[in-house]
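Lettered A, B and C in written order, each chain numbered from 1.
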Amino acid sequence: MPTDPVVLLHAWEQEPAVDHHCHPLRRWPFQLTALELRAAFTEAIDRRIPQEHVLQTAGYRAALRRLGDALGCEPTEAAILDLRNRAEPAEFANRILQRTNTGLLLLDYGFSGGDGFSPHEHARVVRVPQREIVRLETVAERLVAGTSDPREWLAAVRGALRSAVQAGAVGVKTICAYRADLRLRPVDTDQLGVAFTMLRHKAERQEPIRVTGAALCHALLFEAAAECRELRVPLQVHCGFGDPDEDLAEASPLGLRPLLQDKQYAGLRLALLHCYPYHREAAYLCAVYPDVYMDLSLAIPMAGDDGAQALKEALGLCPFSKLLYATDAARYPEVYLVAAAAHREALVIALGELFDPATALDAGRQVLAANAKRLYRLDG
Amino acid sequence: MPTDPVVLLHAWEQEPAVDHHCHPLRRWPFQLTALELRAAFTEAIDRRIPQEHVLQTAGYRAALRRLGDALGCEPTEAAILDLRNRAEPAEFANRILQRTNTGLLLLDYGFSGGDGFSPHEHARVVRVPQREIVRLETVAERLVAGTSDPREWLAAVRGALRSAVQAGAVGVKTICAYRADLRLRPVDTDQLGVAFTMLRHKAERQEPIRVTGAALCHALLFEAAAECRELRVPLQVHCGFGDPDEDLAEASPLGLRPLLQDKQYAGLRLALLHCYPYHREAAYLCAVYPDVYMDLSLAIPMAGDDGAQALKEALGLCPFSKLLYATDAARYPEVYLVAAAAHREALVIALGELFDPATALDAGRQVLAANAKRLYRLDG
Amino acid sequence: MPTDPVVLLHAWEQEPAVDHHCHPLRRWPFQLTALELRAAFTEAIDRRIPQEHVLQTAGYRAALRRLGDALGCEPTEAAILDLRNRAEPAEFANRILQRTNTGLLLLDYGFSGGDGFSPHEHARVVRVPQREIVRLETVAERLVAGTSDPREWLAAVRGALRSAVQAGAVGVKTICAYRADLRLRPVDTDQLGVAFTMLRHKAERQEPIRVTGAALCHALLFEAAAECRELRVPLQVHCGFGDPDEDLAEASPLGLRPLLQDKQYAGLRLALLHCYPYHREAAYLCAVYPDVYMDLSLAIPMAGDDGAQALKEALGLCPFSKLLYATDAARYPEVYLVAAAAHREALVIALGELFDPATALDAGRQVLAANAKRLYRLDG
């Protein structure tokens, strides 16, 4: 009864996908090490995880298998690294990206550390059309030094988001789950004042600025939500698992309820990123709020087969018109390839089991491209 | 190894089911629209969900398929609506309900809005035996005007529950999760006094009364629990997902722990309704507390295949002597039919995989009728 | 594509398993009753659950089937009990334990009530090598009488843990989830003082001492964590479901975050026990923290097929180098047998589906023995 996977995959190839959430490539040339490759397939910060445990995950084993298939070599780190490190970097990257069958990358530049391509470079070296997603917290940190109180700061942040969108950004992203938590509550203006003053002092001493804590981060999130609503661009919210900087217990999308129930945010479109293991909760939000969308990136491919299982669970309540495709890939073309292949395969499994062939075909097209085009107004 | 579905379904048909949680039909005649049909298969309040997204859910697609099968028409909204809107309403409703193979409906009249049949009418027009479940919050709202302080009010509520049961109601239902939350904590009598005074003022000004907030709703729930224990009738508790009036983050049945651990409620029987996505948690409660029961209505049929998956997960810890069958259907006979068919199919899948044929057969009979008969003392 | 179960099971038999978490047998001779057998397969305290509901669980049905297979009798309580009650107890116990193919038992003696074998007796009558896990709260309760303030008490507890490890214990176990909760927060020294004084008074009146509440239990847990780190032994933490003394809502392993993020505990190895239904959360912790390990005992075998499903879900994020094998069995050899068989079967299903045959084989060996040997330094 499940639809033939080959038929679905082939049909879906006719229209390139929109990868609505990913990150820039690392600036080449460089020689990729096994440890770096492994580190790209874990959210761990501690290097002992790639050293001792990543090879023992279902996700990484599948990644090596997919890479071996795609590159035409043994599915081993040695063979894959040897092949890629001898290749011409730009040719290799573009060849690999081409295999992901992506028509548009929506890029968040807030993550790449110091050695990623700049937006200008990335657009030049990567032959896939690209648009930018502006990261809220990065913008906000840059603006502390030039403002003297929270009100001024928040206004400057809104202005900067507006400028970014006018300059072509198609959405805003928040990592509030990393910097504070997602249990949104009304902003305490006293605490906000104190927290901002401390940030200001750091700025004056030219120390690095890091926006953290509920007072600052929730205030920022509420302002960004209001601004995104006015600008009519979606707000991407990191939900669910990520690296251990975040307390997963505080990262359920259900905590976003104030944004969903408060009439002042009516019309704001939210894209819930990752979601796992809160994907059934995220699916519920998609089912009852017209402007909520979700993806299962990161769990696909990192959680191995449980990523596909989570996709099936999410498609219980989540309409397929609300599900988005993303790789959350960064730095190495290999990661885009693996995530893309795993995501398409998970869609084949989930949609092929849940729907008749014609519906599965249509649903996949929506998830892979049409939903994102509508959400981000990419055709307009 | 799974038991033949046809064998199970056929055997289960010999004894009609007890639908332990459902709502009355809409008063006919009326012409059903596609939007109304879709709205019956989502918990969304915003009309954009049925307008734009319900057709894109696995649950609604399956619903159309089941309706097409049952009515002998194309599985499309147009064909289904055409057929039903040309039919004689009473004949149509009873014919469809008969196909659900239900022997008894336990009806909650608190939900139907203004256009549902009254209990008296419903008993007359629907040819399935019926009993009533009295909704706690509706009773309580009615009694505010006639009482002068919380103690008097709570006593009046208990008296009204007693009268309702004496008049034939077989259980009490609470929607505390909608009006407050399910994280039960000791009642703060000061807050209760303040909240009740505000309600009283509304009553005096003849404004609509709505019991909300933890002070009022938890006090009510504790009193209802004590009364149900004395009356020896079950207390149905809405848990897990529902419409967005409710904060899903606060709707886990684990929050009912005070009712389960406090000796003064010993013997109180609880029926946890819906439960999804907290069904593993609900199953745990069923596994360790002798008087806790659960169902997976609402998720079956709304969560599509994930409703059946949730049933399998719940049957991990939940004894099949604790699982109940319900449609949570309301307003349109079509909803009863779809929910009943989906629920029976989910039972076939779950029980057929978990047990040998004889046990699966017996387990299904318990879930479909025997457990509810015992819990609600329907034979006594 | 799944690997042949027979091949996997046979290969895994070559190297006996390490059961890293179990409890001692009941002192024989005794005649086992059906109610006692059932009670061993539920976490319920109320006897009505074994009386009325355990027979209706998938887990117990499977247990009877496995016991019938192993003993060569009908899979009924009567046949199983008849056979075992006529056998010579020591011969029976050792014969049954031998079938579990266990090379080492790590025993927690804190649970067996009054009628379990003492460590000395157990080592003599059971012909499987054994090591001890020392239970924190039991040690702590014993030391209240001899100390005069919290500081002295906590120091005495650390001293006792050190002595236990020097005497051969290979780890420490905490049941903080039962006695308080796992939402760890900084210890309030005032509350700790008050709580300890109350304990002291009980000790002086020679009343039974029970360490409960966050002030005492979290303080103990932090001290034990520091001591385990110094002693280089793992700290086992009961997480997830257990008997209803525990509030499951407060038993997620995510609450252990302070132990994982605070640099002063760097290097502390944690073994998360049971975890269900928080196994995806536990798997996440295993995926990002190098020193976190987990098992799914208790869910396997009690949650029936959902135990195997949970194992597959956990193996999404959890490296197979972090997963441990345990029965959590106690009192009756039958429980060890059933848990061992169910656990191996669950591993066959999960690993066989997730990995190629060679990897599945290797992964199973790691889970069954090698991971525990490394974690508990059993070869050193």
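Just so we're on the same page, contacts are C-beta pairs under 8 Å (C-beta built on N, C-alpha and C of every residue); 3 or more make two chains touch, one makes a residue touch a chain.
Quick caveat: nothing in here was measured; it's all calculated off a predicted structure.
At the interface between subunit A and subunit C, two copies of one sequence, fewer than half of the residue numbers in use are shared by both copies. It takes 120 degrees of rotation, in steps of 5, to superpose the Cα atoms of subunit A onto those of subunit B. Between subunit A and subunit C, the centres computed from C-alpha atoms are 38 Å apart.
Residue numbers of subunit C whose C-beta contacts span two or more other chains: none are found. Of all the residues in subunit B, the ones that touch subunit C in their complex are 252, 254-255, 257, 260-261, 280-281, 284, 287-290, 312-313, 315-322, 353-356, 359, 363, 366. Chain contact summary for the complex, subunit B toward subunit A: residues 42-46, 48-49, 52-54, 56-59, 61, 241, 243-244, 247-249, 276-277, 299, 302-307, 309-310.
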